[in-house]
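Working notes, beginning with the structure itself.
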Amino acid sequence: MFADGLFIVFATLAVLGAVGLVLFRHPMNGAMSFVVTLISLAGLYALLSAKLIFALQLIVYAGAIMSLIVFIIMFLNIQPDDLPQEEMKLFYVLVSAIVVCPIGLLLAKIVKSLPVHSTAIMGNKFGGVKEVGLLLFRDWLIPFEIVSILLLVSLVGAVILAGKRGTTK
Amino acid sequence: MFEHVLSVIIFLPILAGLILLASPASRTIARFTGLVISLATLVLSLELYLRFEATGHLEFVEHISWIKSLGVSYSLGVDGISLFILMAGSVLLPLVYFVFGTKEKGYYANLLIVQGAMAGAICAADMILFYIFWEVMLLPVFFMLGLYGGPRRLPATLKITLYTIAGSLLMLAAIVYLGVSYHAQFNEWSFAMEKMAHLNLTGRVAAVAFFAFMIAFAVKIPLFPFHTWLPDAYTEAPAATTFVLSAVMAKIGVYGVIRFVVPVFDLEFARFAILLAYLGVIGMMYCGLAAITQKDFKRMLAFSSASHMGVIALGVFCMNIQALTGSIYQIVAHATSTGVLFLFAGILEERTNTRTIDDLGGIAAKAPVFALYFAIAMLASVGLPGTSGFIGEFMIVLGAIKFNTAIGVLAGTTLIIGVCYMLWMFQRVFFEKTSSRSEHFKELSFTEGLVFLPVILLIIVMGIYPHPFLSKITPSTALQFAPPASVVAQMPAANAQNYGLTIEQK
Amino acid sequence: MEQCANYLGLIPLFPLLGAVFIGLLHVFTCKRTALPEKVYGILACVGPVLAFVLALKVFVALKGLAPEARFLSYKAFTWFSVGELHIDMGFLADPLSCLMLLFVTFIGSLIHIYSIGYMGGDKNYGKFFAYMNLFLGSMLVLVLGNGPVVMFVGWEGVGLCSYLLISFYSEDRSNVLAGNKAFIVNRVGDLGFVLGMSFLFWGIGAHGFDYLSLKANVHHLEPAVALTVCLLLFVGATGKSAQIPLYVWLPDAMAGPTPVSALIHAATMVTAGVYMVARFSFLYAGVELAGNIVAWIGILTALLAAIFGMFQEDIKKVLAYSTVSQLGYMFAGVGVAAYSAGIFHVFTHAFFKALLFLGAGSVIYALHHEQNIWKMGGLKKKMPKTYITMVIGALALAGCPPFSGFFSKDEILYSALATGHFGIWAIGVLVAGMTAYYTFRMIFVVFHGEPRDHHAYEHATDAPSVMTVPLIILAIGALCAGLLNLPGIFGGDQVVSHWLAPSLTEHHPHGGVFLEILAIAASVVAFVIGIKIAYTKFGHGAQEPFFSGFADFAYHKFYVDELYDRIIVQPYKAIGSSIWKVIEPNVTDAPVKGVSRLYMVLGTAFKVFQVGYVRVYALYMVLGLGIMSLLLSQSLN
Amino acid sequence: MMHGYLYLSIILFCLGIVGVVARRNVFTVFMSIELMLNAANLVFVTFARVHENIDGHVLAMMVMAVAAAEAALALAVVILLHKHKSKLDTNVFSLLKG
């Protein structure tokens, strides 16, 4: 029951954070509210016994990626005037919400048809660093290496792109 | 070594062309390379011709499995039908390097590639392979036309490219359809041409596939009303390209009909033959009529070529051995006559800087050898007995009469229509008073005269003594009309020709 | 005998080789120092003379055979063979082709010799003889060919030579146009020939497509097909032999050098049609309707051409129309199934018409290429040899007994009468009178009276002997050739007819002595009347008449050329230009242009959706996903 | 209980789509994409738990790696664009307009 209570809390926080992300005008506010979502998601991972992912979510996502984003936002020193004028924001949000509805409903329908399983917290043998690590380096070695190459490539790309002298008009 | 001669004939020019394109060779070297390679190909083809045994079946077969899961193979072979188209290409193409000596490197390189690709399309015994060569064939033409053509070359290039690609895509769809139905009927993947003949195709889909093939070939031939790319392309293309297009490439369209459509879609073909034959006849008359009022001699020759192709196509549609054999003979005759006429037109254009008929005149007095050669090629193209043009035309008309009297009579009018525009043009270019432009017309040089001589002699020899040539064709054409293939296969080649259609009393 | 058969291939080969040799010699030397004319002259005469000698040998050999087995055949090689179509390049000498062979080579040789003089000084001397040899070779192929297809080779070959020789003076546009006209009109006829051959082949050709096999199988041919074949072949003949409606090219063909007119357009080539009909006598004999059509077209052509001939002012045109007219007679002859009479007329006509043309050539040569008879006159004194020979020719043409033309023409008219074709006979007699009139009109105007152009007259003189000797030989022929086929009524035994009998399928009509005398009397009366009128009008000199009314109409040849131009040539050109100016861009190319336009329109239409904002593209994606989801969620239920 | 996680991931995913489609701020759009990735991750982890198979965790890690790479590149692009146009509005970049 405790777990269910936690789930409801985290879920509510995650949704609220996401709504905030969509609605806040300034990206900084959006980023902060997104961090809320990420952290609550980390909590949910913990509830799902994914210990490693829980940690990674906090360290990599909420820690590294978000700080990168926030850093860039601050780096660009965005003034309110730089922000796009979005007078019809709510209207757009409403319209896109309607458009998205069918997708969500379809997915919901699919989920509804699934059989119920327990998600009770499991013991030590699941989702720890050891288990995931063994799997990762035994069965997933090549995809793992490819992902590392991907990271390298994106690193080089980012350096080249961001380092370009702006040929401003 | 000789068993791979076909591959050598195909890939030697292609490789040489690609290397030339990649290398920084000068135009002299390019021309020399082209000349050597095409002469080497000619020698190999002659050897091939001499060793050809006229069994009626594919000879010099090469077979290597290529894409096993789909049954696609790299298989080559020639029979009496393809041999002559192959020979026409091999014999005629070296001329270009002799006649046009001052073109760009890319010109010669593309010429080599197109030669190889055409040989490939002619020899391919697998439909996928054929399709590949068929498409490769178009590329060099695209470049030669687009880069080295006349002032209005770009629209012409666009038109020919889009037209042919549209046609070939239809063909690709039809090839896939054939492969799939072969798999459905025999539970085995294959795209080999000879196996397709066993297919049992009926229904609307078969008719659609039939027309997909026919349209692809009709564009290439070109059959009326798919000919509208031809006048522009032939006129704007450099002389060698026009020559390649008219002398060999158009023939591959006809060849495709004989090779794919007739054996595979026998029912559909029999059903629509009369329609196609009318298209052939109408095209012949239509283009022949259009030719007479042309002011540009290259354009006139273009229309005349289209007109002749109508007759050649008609021969295929008549479904009897005389007409079919006549068609194949006419293919060679047309390649040697009209093809050479296009080369002569190129020479005329180069030396007088004009393509307008009215600007010329009196060239016969200035250049008797040139006029003599031109006259012989022209007479062959109007089908004068004693030249190669007559044999084919006569057999086509003969076969057409048997097929359908009305079509036969209309086909016969080619005798009149052809002679009208040709004489009219000959009169104004070669006879009459010498005009200012033709005043300084240079006679063919000694080398040029010597180079054209074999072709001119071939025109005459093929008209006077066609039997040796025909005896290589007839076994293959007889097979097309033979009842079950196994019966004929056991017979010696000499007897095969007697197994034509039974004689019908009119 | 076998040996002799082998000569057959050589007969056409000699002139053909001569043509190639002379042609090459000419082509390679004409731009540098031209060879002396003598070289060409001698070379040119070798071929025809050798051919003539061989022809004599063949004749002797044939004569040695029994009449019913009188044929020699020689197969050079298999020409082409596809399925049931099997054609040999073979030659056949039977009495019919042997007769043709003899006079073609004989007259051909004479005209070659004559040309040595006539063409002197021409810069294309070599070319001329190459063409002439080529012509003779083709003509011999035509005559000797053992089947219709081989004949067709010669048939087209002579047509080509005719074209080349008519446009020989090619700098002048009108000459080339005349050549084109001849070739194209001949091609119309050839179309008929080819179609006729094709029908014949699918009828009975599968068992061999040479004359002997065809003759043996002719009874298998269905009557309707036989009629079609006969008529189509006759279309070929009307083209080559200048009959209605395809006669228009022959008068224009006089643009060529005069020996050409003599050899090709009078003596040999134009009679090929008659020869062909006689060759197919086994076919025509079975189809009476076809024969009647041939005869009527022939005699109407004879009449029409005679009318035109009476009003011409060009000496060669007069002769040209007389040729057309005489050809009409020949067709009337073969049409009423009197094949030997028709061929006999071909034979005699070759002598006297060649003679007349060569004579006219001498006159033209003497007057420096003046052809208008109203600028001549009184040449009798200046050119006595030419005058005498030409009068002999004219008498033969007009049908004066005992000249050759009389016998052959009379034979035709008698056959028409005896087979019951009174209409043809009556027109024939009328034409005979007209022939006499226009022939002697020409003779009187040219040779009698006072000279009209004194300058030219002063310089006129008989031609050198290289030209007059052939004239004299031909004159002897014109005088005596008729005696070869002397009809029974004059005590002869029709040597030529009997000689030809094995080759032809004909039944000699037996009309009785009365009809024979009637025919002879009518011909003689017509001749006398014709010559009398000509004498009274032109015998003592006359001025160029002014034509009006019917005469003017006839002088303009009934405006047939203009009519053909209006109803055939102009529409043809109009269709041609409308095709590529109107139909090509607007009709046949329209679908292609339509497709490209369709793509343009569609492209412009879809451009609206390309707003350029990434999020809008994302919206499209979501919309698409949404639609798919809706569809999927429906199918899930 | 499993359904709760899945419904949550659907809601987050749809919110992500709404963010991408409705907003014009580059950062918001970018973070909305991250939101969608996270929604997917949640599904992976949920199913890993349900089936007791930790392959789902590995995949989630992969997604994180991709997200990191994407973040690096995307932010580089954002910097570049900001340098060029000094704007954070996606509507400014409409070179794809036909």
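In this document, chain identifiers A, B, C and D correspond to the written order of the chains, with residue numbering beginning at 1 in each.
Just so we're on the same page, a residue touches a chain if its C-beta (ideal position, glycine included) is under 8 Å from a C-beta of that chain, and two chains touch if they have at least 3 such contacts.
Note that this is a predicted model, so its numbers are computed, not measured.
Novice: Consider the two chain pairs B-C and C-D; indicate the one with the greater count of contacting C-beta pairs.
Specialist: B-C
Novice: With centres defined as the mean C-alpha position, give me the subunit B-subunit D separation in Å.
Specialist: 60
Novice: Distance from the CA centroid of subunit C to that of subunit D, rounded to the nearest Å?
Specialist: 93
Novice: Can you check how far apart subunit A and subunit B are, centre to centre, with Cα atoms defining each centre and the answer in Å?
Specialist: Each chain reduced to its C-alpha mean, subunit A and subunit B end up 66 Å apart.
Novice: Measure off the straight-line distance from the CA centroid of subunit B to the CA centroid of subunit C, and report it in whole Å.
Specialist: Centre separation, subunit B to subunit C: 36 Å.
Novice: Any chance you could list the residues of subunit D touching two or more other chains?
Specialist: 17, 21-24, 90-91
Novice: Counting only residues that touch at least 2 other chains, which ones in subunit C make the list?
Specialist: Those would be 619, 622.
Novice: Note the residues in subunit A that touch 2 or more other chains, in rising order.
Specialist: 96, 99-101, 103
Novice: Which pairs of chains touch each other in this structure?
Specialist: A-C, A-D, B-C, C-D
Novice: For the complex, give me every residue of subunit B touching subunit C.
Specialist: 159, 163, 224-225, 227-229, 231, 286, 289-294, 303, 320-322, 325-326, 362, 364-365, 368-369, 372, 379, 384-386, 390-391, 394-395, 397-398, 401-402, 408-409, 412-413, 415-416, 419-420, 423-424, 427, 430-433, 443, 464-467, 470-471, 474, 477-478, 497-498, 500-501, 503-506
Novice: In the complex, go through subunit D and note every residue touching subunit A.
Specialist: Those residues of subunit D that touch subunit A are 1-8, 10-19, 21-28, 30-32, 34-35, 38, 41-42, 45-46, 48-50, 52, 54-55, 57-58, 60-62, 64-73, 75-80, 82-84, 86-91.
Novice: Can you check the complex and tell me which residues of subunit C touch subunit D?
Specialist: 606-607, 609-615, 617-619, 622
Novice: Show which residues of subunit A lie in contact with subunit C when the two form their complex.
Specialist: Those residues of subunit A that touch subunit C are 96, 99-103, 105-106, 109-110, 113.
Novice: Residue numbers of subunit A touching subunit D in their complex, please.
Specialist: Per the stated touch rule, the residues are 3-4, 7, 11, 14-15, 18-19, 21-22, 24-25, 27, 30-31, 34, 37-38, 41, 44-45, 48-50, 52-53, 56-57, 60-61, 64-65, 68-69, 72-73, 75-76, 78, 82-84, 86, 89, 92-93, 95-97, 99-101, 103-104, 107-108, 111-112, 114, 116-120, 122, 126-127, 131-132, 135-136, 139-140, 143-144, 147-148, 150-151, 153-155, 157-159, 161-162, 164, 166-169.
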